[in-house]
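As written, the chain order gives the labels A, B, C and D, with residue 1 at the start of each chain.
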Amino acid sequence: MIVILSNKVEEARIQEIVHIIEKHEVKAHVSHGEDRTVIGIIGQADPVLAEQLRQLKGVEQVVKISKSYKLASRDFHPADTVIRIKDVEIGGDQLVVMGGPCAVETPEQIDEIARLVKAAGGQVLRGGAFKPRTGPYSFQGVGVEGLVMMAEAGRKHGLLTITEVMTPEYVDVCAEYADILQVGTRNMQNFDLLRKLGSIQTPVLLKRGFSSTYDEFLNAAEYILAGGNPNVMLCERGIRTFETYTRNTLDLSAIPVLQSLSHLPVISDPSHGTGRRELVEPMTKASVAAGANGLIIEMHTDPDNSMTGDGVQSLFPDQFAKLLQDLEKLAPLCGKRFDTAKTPALV
Amino acid sequence: MIVILSNKVEEARIQEIVHIIEKHEVKAHVSHGEDRTVIGIIGQADPVLAEQLRQLKGVEQVVKISKSYKLASRDFHPADTVIRIKDVEIGGDQLVVMGGPCAVETPEQIDEIARLVKAAGGQVLRGGAFKPRTGPYSFQGVGVEGLVMMAEAGRKHGLLTITEVMTPEYVDVCAEYADILQVGTRNMQNFDLLRKLGSIQTPVLLKRGFSSTYDEFLNAAEYILAGGNPNVMLCERGIRTFETYTRNTLDLSAIPVLQSLSHLPVISDPSHGTGRRELVEPMTKASVAAGANGLIIEMHTDPDNSMTGDGVQSLFPDQFAKLLQDLEKLAPLCGKRFDTAKTPALV
Amino acid sequence: MIVILSNKVEEARIQEIVHIIEKHEVKAHVSHGEDRTVIGIIGQADPVLAEQLRQLKGVEQVVKISKSYKLASRDFHPADTVIRIKDVEIGGDQLVVMGGPCAVETPEQIDEIARLVKAAGGQVLRGGAFKPRTGPYSFQGVGVEGLVMMAEAGRKHGLLTITEVMTPEYVDVCAEYADILQVGTRNMQNFDLLRKLGSIQTPVLLKRGFSSTYDEFLNAAEYILAGGNPNVMLCERGIRTFETYTRNTLDLSAIPVLQSLSHLPVISDPSHGTGRRELVEPMTKASVAAGANGLIIEMHTDPDNSMTGDGVQSLFPDQFAKLLQDLEKLAPLCGKRFDTAKTPALV
Amino acid sequence: MIVILSNKVEEARIQEIVHIIEKHEVKAHVSHGEDRTVIGIIGQADPVLAEQLRQLKGVEQVVKISKSYKLASRDFHPADTVIRIKDVEIGGDQLVVMGGPCAVETPEQIDEIARLVKAAGGQVLRGGAFKPRTGPYSFQGVGVEGLVMMAEAGRKHGLLTITEVMTPEYVDVCAEYADILQVGTRNMQNFDLLRKLGSIQTPVLLKRGFSSTYDEFLNAAEYILAGGNPNVMLCERGIRTFETYTRNTLDLSAIPVLQSLSHLPVISDPSHGTGRRELVEPMTKASVAAGANGLIIEMHTDPDNSMTGDGVQSLFPDQFAKLLQDLEKLAPLCGKRFDTAKTPALV
């Protein structure tokens, strides 16, 4: 950590600041420049210290050299994390495709979609039982019943399942029925939820907050890791920018950046990331080319009558199947394997 | 609601779309332009309908004419909402100042700060017992004990109290000790929390999500109002933009905009809105000039040793007192009254 | 165009608005809803009309249905524009790679880099003679001399050349020496420059303003097309967002979006789009997978001693060559061809 | 300047980097921490050096301690700059109001508006003769004729005049007719224009680029100052954010921030900053409360028939007059004076 003092701080104040720093069992190394004085801090500083220093009179800027997260960083854990669930491996050389509807609606709907995801070569069935909705009058999901429907469809067709969990009290029931729990973009900094997810071992797909920096994203993952759950995947799903033609701006640079800062698998969500059906195919391919470990893609058999508004970004089944065939050819050029014919059977 | 169809949609598809619309007990009025066909919807449409229409093949754009929130809108409730707590009125012609530390630390700290807030003319004591922190290793607040300390300090010095509540299960205990409950920026779309707050009558100060539009903000307020709690204040606290010199960009246009769209009181938070002590004074005055109903301002007796990093934006007690004296002169020019000598005594 | 009136506009005012509209030789079709009155405009409206209507008392919102640009739109020109320069075709099935340094420095430097670009399979040599610099004390380029050096290097090694032009008065001299003229991100709305470029026939690569919407971008292209120069390429080069880890956020959705709204070729600039050397390779591949017609990539033989700060994002020659070999395999999966061995010889 | 090296840089490379630094006639001071090595640079470093260092292998981050602009900074010039034009002083304790239409249309229009601006207490007449328009088919202004009309109206009614100049070649003619030249938001980084304005002495009002940081804004001012023209005013006019309800987000924190970083006067533009007539009054007052040295406000006698789309944000004459009467009371509370009756007569 480096502390840059304001112009013209008096020597007495510099000594007070040094004193405050050294109470934290680190060394302060003062260096007088022509313009300003700079204090270097040597030793492992408590993350709170940076915040405290920033508020001291006479301090202009504090530059962190070490990262505020540790367990999530590649410095701490150089090898890639590979999460094994039954015979699917996420984070290794296998490309993982999660497909399904925005919301689970009926047993017939989810069964038919599961059949189509499996037939196309996907490994994971996605579907929401509880829906986070920005207005109180919108459809909020079918609830626990939906979990049961999805688990049954996944089991029958040999697919893993992933579903969103929105509150700490539903974590246990969601974990009972689903193989992977998803944290939505609006909950990335719901710290109680993150802590609860840290207390179990079920794999978690953590979506990036739509206005969160990489640093905040990795600190959110750190909450889960610090609780004791090492099975975290990061998911880029688009950020909010001035451009409103697309629902969000899918930030594909996030894929290589997060893979360099962290050892956790990175999944891309081109459906929410664009909000437009016609962009899902090019942005799925671009995600794989950028190095994504997996994709989460919305697909629906009857978007005209889906119960949420996200049908607008859902692929039709034939588009989904065609896209996965293209990924089969693309994956090997990007150091991954993906096989539409021989999707691993689940044990 | 107006539905704009894509270029070259066939008549049969237009009829299908009309049919889908009319299932919702509204009328569809088709109008053929030179370029495109447009369908006007007449009648009170279900908010889900817009979302469904957007995803139909052949639909290019859906323009909502009515707002998606109702109880929060001024159309529905033309008169200003005035929230009375003891003898303080928020939303009327009284300017309300909430002051205090970011975090409650010790009984002595909060007692001394309460004394200073009261002496300066403030009406409400702010202080956090639970702190939302972006990293898991930061100071997370002193917990329920802090609620007790703050309630005692408020009672002793004749101040109302406000504190942040982060999860539904803490709503009841926070409401037992504090007069106003605050929802933080990261929880603006924590819908479970909003629903729980809708089930009680304690006034709520809802902070704008740092990347939320006015529409999303008012829809979040709608969750609380729809639950049955009419006592909601909106708080502008800065948005995230490309400019990083200030922690956030305080969007003061939000004050008149929200007051025109809604009847709810609007409070400004220049401390978090700027993240810099030297900007709190000018931005407080600017907030009042823009028409704010109140302010929430951080003040600390010893920022060098505060336990969170927010000391950097806390005023010193003498700065706080001087600022409130300035507001006493400024308020009448802005249609408000504020009296540092005769702060209303609490019953 | 659809004009949505405010709540409770009186009939007399509605008639005034209709009158104002019909002065523009279009028809106004009034439709009374339960909530509001809406006026549909039938006929080709003057683009100024929307702006005028927006400011009328009683008008709440104006929704444009037709686009404000015409020549740039795919509605107007359904087939892809293919720009032929010597034997390179941009916008067809050939993938085009433009490579070279940020700034031309010496004849030896640009000659050596040209040799390496050609050897790797690139078709176009890039290099700046005039540099737009945010501060007045930074290196501003070598000027016209640089144009001569680059033209000579291009000719010798059989490469087309592209260089940035910053002001109308330099357009002619730049066009004399270079095959393609580049408009930088800060000049996307330098309308005088755009008009001057519209008066010649030299192909133009127009970079997206770093905070410009797709609509503004296509309107800027429209300036050049309307002047009579049909040879325009669009270049996505990253937008400014809240994320500062990367210099910009490369918006790859722009590639398929622009290709659907317009017939013009779309080039991607992963060097400026990320500002980090290690991201250039994955984002180049992602650009091709997203459907880009070409790439513009910085490469430098000695980034430690480059004269501008953009060396930080320049590839080393061996990285550049390896990347182009990868593109040779990737291109056919994306409907393009790219051949490192048989780069077409220039006539 | 501080250079933070990557994790695990070898000693030999550190020495190479030191060598590169010391070629620039500054001293490098190496300091080995537990995690990383840091190099402090002592002496006045060439601004290009930071850019060069950032691109070196082994360098992770470069932190500038000194600012890249000098003449614009308050460190260099501690006293406020006061620009005197005839008997108006901008930057001192006088509040300056510039009012008028977006575009000059006819002699009668500008004469009548000048009369109203003067009567209300304004000191400067604004009006555009050349209009920067995002699409090529919009009204582009009446040209030089408009300059003549405005100069005549200003002279007759005893007002200074301000008009926008868009290209270097029009600087001289604009300076012949107008007292202040305005640089629009899209031209803030039109470096040729800035250089030309640096070569004359006519005062310049430089508008902030709608996506420019404070640092970039002050560097743009530096271009003019470095050319030899000390008469520069900075103008906050709103930035582009995710919120689209307002045309821009007026960033009022910019006022105190720019006044602390720089000695130049700061003007606020609430008309373009909000794009909505009903927000101009509250945001004008908020600007004054935040410390603005002046305002530039659109006013039009007949917005229904104005020739540009900016009528939507123009005040009616009675709103303008009422607002200036309010400013007369507000100014003294903000350390300024403003007198609607005794506007200083021009010599």
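The rule is short, and it goes like this: contacts are C-beta pairs under 8 Å (C-beta built on N, C-alpha and C of every residue); 3 or more make two chains touch, one makes a residue touch a chain.
None of these values were measured; they are calculated from a predicted model.
Placing every chain at the mean of its C-alpha atoms, the farthest one from chain B is found to be C.
The mean-CA centres of chain A and chain B are about 28 angstrom from one another, to the nearest whole unit. In whole angstrom, the spacing between the mean C-alpha positions of chain A and chain C is 31.
Among the residues of chain B, those in touch with two or more other chains are 211, 240-242, 244. If each chain is drawn as a node and touching chains are joined, the picture has every node linked to every other. Considering their complex, residues 2, 4, 7, 29, 31, 33-36, 38, 40-44, 61, 63, 65-66, 75, 211, 240-242, 244 of chain B touch chain C. The touching residues of chain C, when paired with chain A in their complex, are 211, 213-215, 239, 241-246, 249-253, 255-257, 260, 273-274, 278-279, 282-283, 285-291, 326, 329-330, 333-334. Listed in rising order, the residues of chain D touching chain C in the complex are 20, 46-48, 50-52, 54-57, 68-69, 132-139, 166-168, 186-187, 189-192, 195, 210-211, 216, 219-220, 222-223, 226-227, 240, 303-314.
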